[in-house]
Amino acid sequence: MRLPGTRRRPRSGRPLFPPLVGLAPLALVLLLWQLFGDPDSVNFPPPGEWVEATKAVQDRDLLLPALEQTLAVFAVALVLAAVIGAAAGTLLGASAFARDAFGPVAEFLRNFPPPAAVPVAVLLLGDTLTMSLIVIVGTAVWPIILNTEEAVRAIPHVRINAGRALGLSRPRQITTLIVPGVLPAVMIGVRVATPICLIVVLLAEMLASTGGVGHLILERQRMYDSAGVFACLAIVGVLGLLTSATVGGLERVMLRNWPPSHAEGKST
Amino acid sequence: MNLPGLVVPVLLVGAWELLVRIDVLTFTYLPPPSDIVAAVGGLVTDDDLAGRVVHTTAIALLAWAVALAVALAIGTAIGLSPKTWRLSMASIEVMRTLPAVALVPVVLLVLGPTVRAEIVVAAYAACWPMLISVASGLQGAPPRLIDVARQMRLSKTRVVFSLMLPAAAPLILSGARLALGISLIVVVLAEMVGNPQGLGAGIVEMQMALQPESMWVYVLCVALLGTALNAALLLTARLSFSNLLVKDRP
Amino acid sequence: MTEVGAPETDLPQARPADAVPRLEVRDVSVSFTVKGKRRTILEGVSCEIARDEIVGIVGRSGTGKTTLLNLLGGILRPSGGGILLDGEPFDKPVDKVITVFQDYNQALLPWRTVRRNVSLGIERRLTRAEVTDRVDRALEMTHLTDNANDLPWQLSGGMQQRVQIARALVMEPEVLLLDEPFGALDAMTRATLQDDLLRLQRETGFTVVFITHDVDEAVYLADRVLVLGGSPANVVREVVSGLPSERDQLDTRESPLFTTARRTLADELWGEGR
């Protein structure tokens, strides 16, 4: 006889990317631009020119160092934001007093516009990478804090009681029940923070003179090198796709044991 | 009444004032809060503070409105037709991950340092979160609701306007809030690196002129403006669509 | 002893005859302070539970059934009085007493496979071989061997609840406490799991205390049903059905002993003037 409840639900998840056929409109625009665009256009140089401009910039050894720096700052900032955000979110989630006391300040800081934060940080800390990192982490950390806080508050009481009933010590309750329990929220926060982090990295590079792709793109604009600007834009676009895909893939690997519903998160 | 929530900011500002006054915090460009407040008066008379606030607010709201209109149209088209979704979503994903700040130089290059450039770039950046929330809000419409509508033989337009869009209202509102925040950020950025008007330009000018008090005033203006616009949007939405947003209480 | 608990039954006379009860609740009170107001949930509760006994606890919602069960499990400390296990007082969770909760999806860890969920309580205390051995046995007893490597959320509710029971069984408990264990399941699954529980109890001989809001389930499973009532709550009634230990979903439920006990319980719970 079949036992009740032997039916199994299949593992499923959110697709990593919509169907690739959807890339057609974008490809078509670029193709038409290339075919019918004026190669000498001041404002809208076709994609072929972008490649030339990329080569020209790289020949002067400007591109790869800038890319390297942007990616390094991005990675360090995202890791820092994840660690700080998870810790601060756990604190805020676990303590009602901390929420009351720091909630309004946090709300103010969270809404502090990053472009306005860069000049302040430059004046205070100088044109340094440390300054950039503080501003970037300070912006990217919020989705991680908010998601973690909510997850800590949502840990079912029954789960902790079940752990206690099985005789788990307090440290073991934290490592086996709480930390893995908030991991999905931290990862969702990191996923949301990834594009924000990249944007603020570029922003800081534009507004402070610390180099990087953001600095390069503004420099190209000031020299009216439109093909160079579009080239940088395309590179930044690829960077955005790659970083999001990497973090999304990492999230899927880390959360492969979680029910699919955990894939949703807060974006603000 | 959240007493600790009031006490902590007051303590922080107080500590800032005190530590700067007794020379413990000795950053060259960190004025005490009282000096920042004192600088407001001078800026109102000599630097047209009010005019800058109005300029930045107006541009941010205008760009936001453009973004809402475009996003509602495209988002509805994508949310209602699975075919459109299939054929365009990947492109939108790519365009969306393109960091909007990188577009500021491009638009400034093409349109020059003008108000139009500010609006175009801010509207572009702001339309993505809105577009995505409209599309996914419509796609997530409860199937039961559609069944009911079919039974009542409502026309397709009525289904969209009286059932699906209202059902997606909380999601659309959160998209609109994100869009407003982004619009303001991008406008300020465009003013900082391009069009020399408004609060963004004020921040840069005061930074160059080494007048940290005045710079702080503009920075705080931007921060307050963001909070105020968000609050105003929430309030308007609550008052106009109170019946749709019961689930959206923060 | 086939006497159905009559209305005039006094608690002391209804006590089981064992010398040392497995569990004893001695004059226990529980009160909480909620927003400055002191609320007493239980006051002066006393009862005894014998070895091999299956005891059900029923009562209207909010009367403190779960509070009483948490006291028995050592999850909650009484404000007054004491809980004794085999004559020894205790006030924190012990391995001999394990609780199974109603919300299986919250009590199980969604990121651990069935096997790793079951091993949760013993994995750091025993050698790897011992853990494997005990987990295998518990999975076999609960018919979960084939699902050892599945994740809980891939299983039906009934199977998830069996995972929770298996997780309790590996601890080799002397007392199994169940908080509305089958409340969230459909009728068919519930019947199967009721019989599974009775079978496991016969095989291993542990004491069972369970909460239910279902009068039929209380009578079907239990040797003795305690009715919790009043505010603050106390045991207001005890019903002994006197059913034989071999039970059957159809025959038992039609027997006069069953219907009489059920009627007595229902009258007590819902009042005669319904």
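Letters A, B and C mark the chains as written, and numbering starts fresh at 1 in each.
As a working rule, a contact is a pair of C-beta atoms (placed from the backbone, for glycine too) under 8 Å apart; a residue touches a chain by one contact, two chains touch by 3 or more.
Keep in mind that what you see is a predicted model, and the values were worked out from it rather than measured.
Novice: Remove chain A from consideration and name each group of chains that's still held together by touch.
Specialist: Chain A out, touching clusters read B | C.
Novice: Of the chains shown, whose Cα centre falls closest to the middle of all protein Cα atoms?
Specialist: Going by the distance between chain centres and the overall C-alpha centre, it is A.
Novice: Please state which pair of chains has more C-beta contact pairs than any other pair.
Specialist: Contact tally peaks for the chain pair A-B.
Novice: Which chain's mean C-alpha position is the greatest distance from chain B's?
Specialist: Here the answer is chain C, farthest from chain B.
Novice: Could you grab the centroid distance between chain A and chain B? Build each centroid from C-alpha atoms only and quote it in angstrom.
Specialist: 19
Novice: Taking each chain's centre as the mean position of its Cα atoms, how many Å separate chain B from chain C?
Specialist: Inter-chain centre distance comes to 55 Å.
Novice: What is the distance, in whole Å, between the centres of chain A and chain C, each centre taken as the mean of its C-alpha atoms?
Specialist: The mean C-alpha positions of chain A and chain C differ by 48 Å.
Novice: Give the residues of chain A that touch two or more other chains, as numbers and ranges in rising order.
Specialist: none
Novice: With touch defined as at the start, can you tell me which chain A residues reach chain B in the complex?
Specialist: Touching chain B: residues 17-26, 43-44, 97, 100-105, 107-108, 111-117, 119-120, 122-125, 195, 198-199, 202-203, 206-207, 213-214, 217-218, 220-221, 224, 226, 229-230, 232-233, 236-237, 240-241, 244, 267-268 of chain A.
Novice: Please name which positions on chain A make contact with chain C in the complex.
Specialist: 3-11, 156, 158-159, 161-168, 172, 176-177, 180-181, 183, 255, 257-259
Novice: Which residues of chain C touch chain A in the complex?
Specialist: Touching chain A from chain C are residues 70, 73-75, 93-95, 97-99, 101, 103, 106-113, 120-121, 124, 143, 150-151, 153-159, 164, 167, 171, 188-189, 192.
Novice: Spell out the residues on chain B that touch chain A in their complex, using ranges where they run on.
Specialist: 2-9, 12, 27, 29-30, 85-95, 97-106, 108-110, 129, 174, 177-178, 181, 184-185, 188-189, 192-193, 200, 203-204, 207, 212, 215-216, 218-219, 222-223, 226-227, 230
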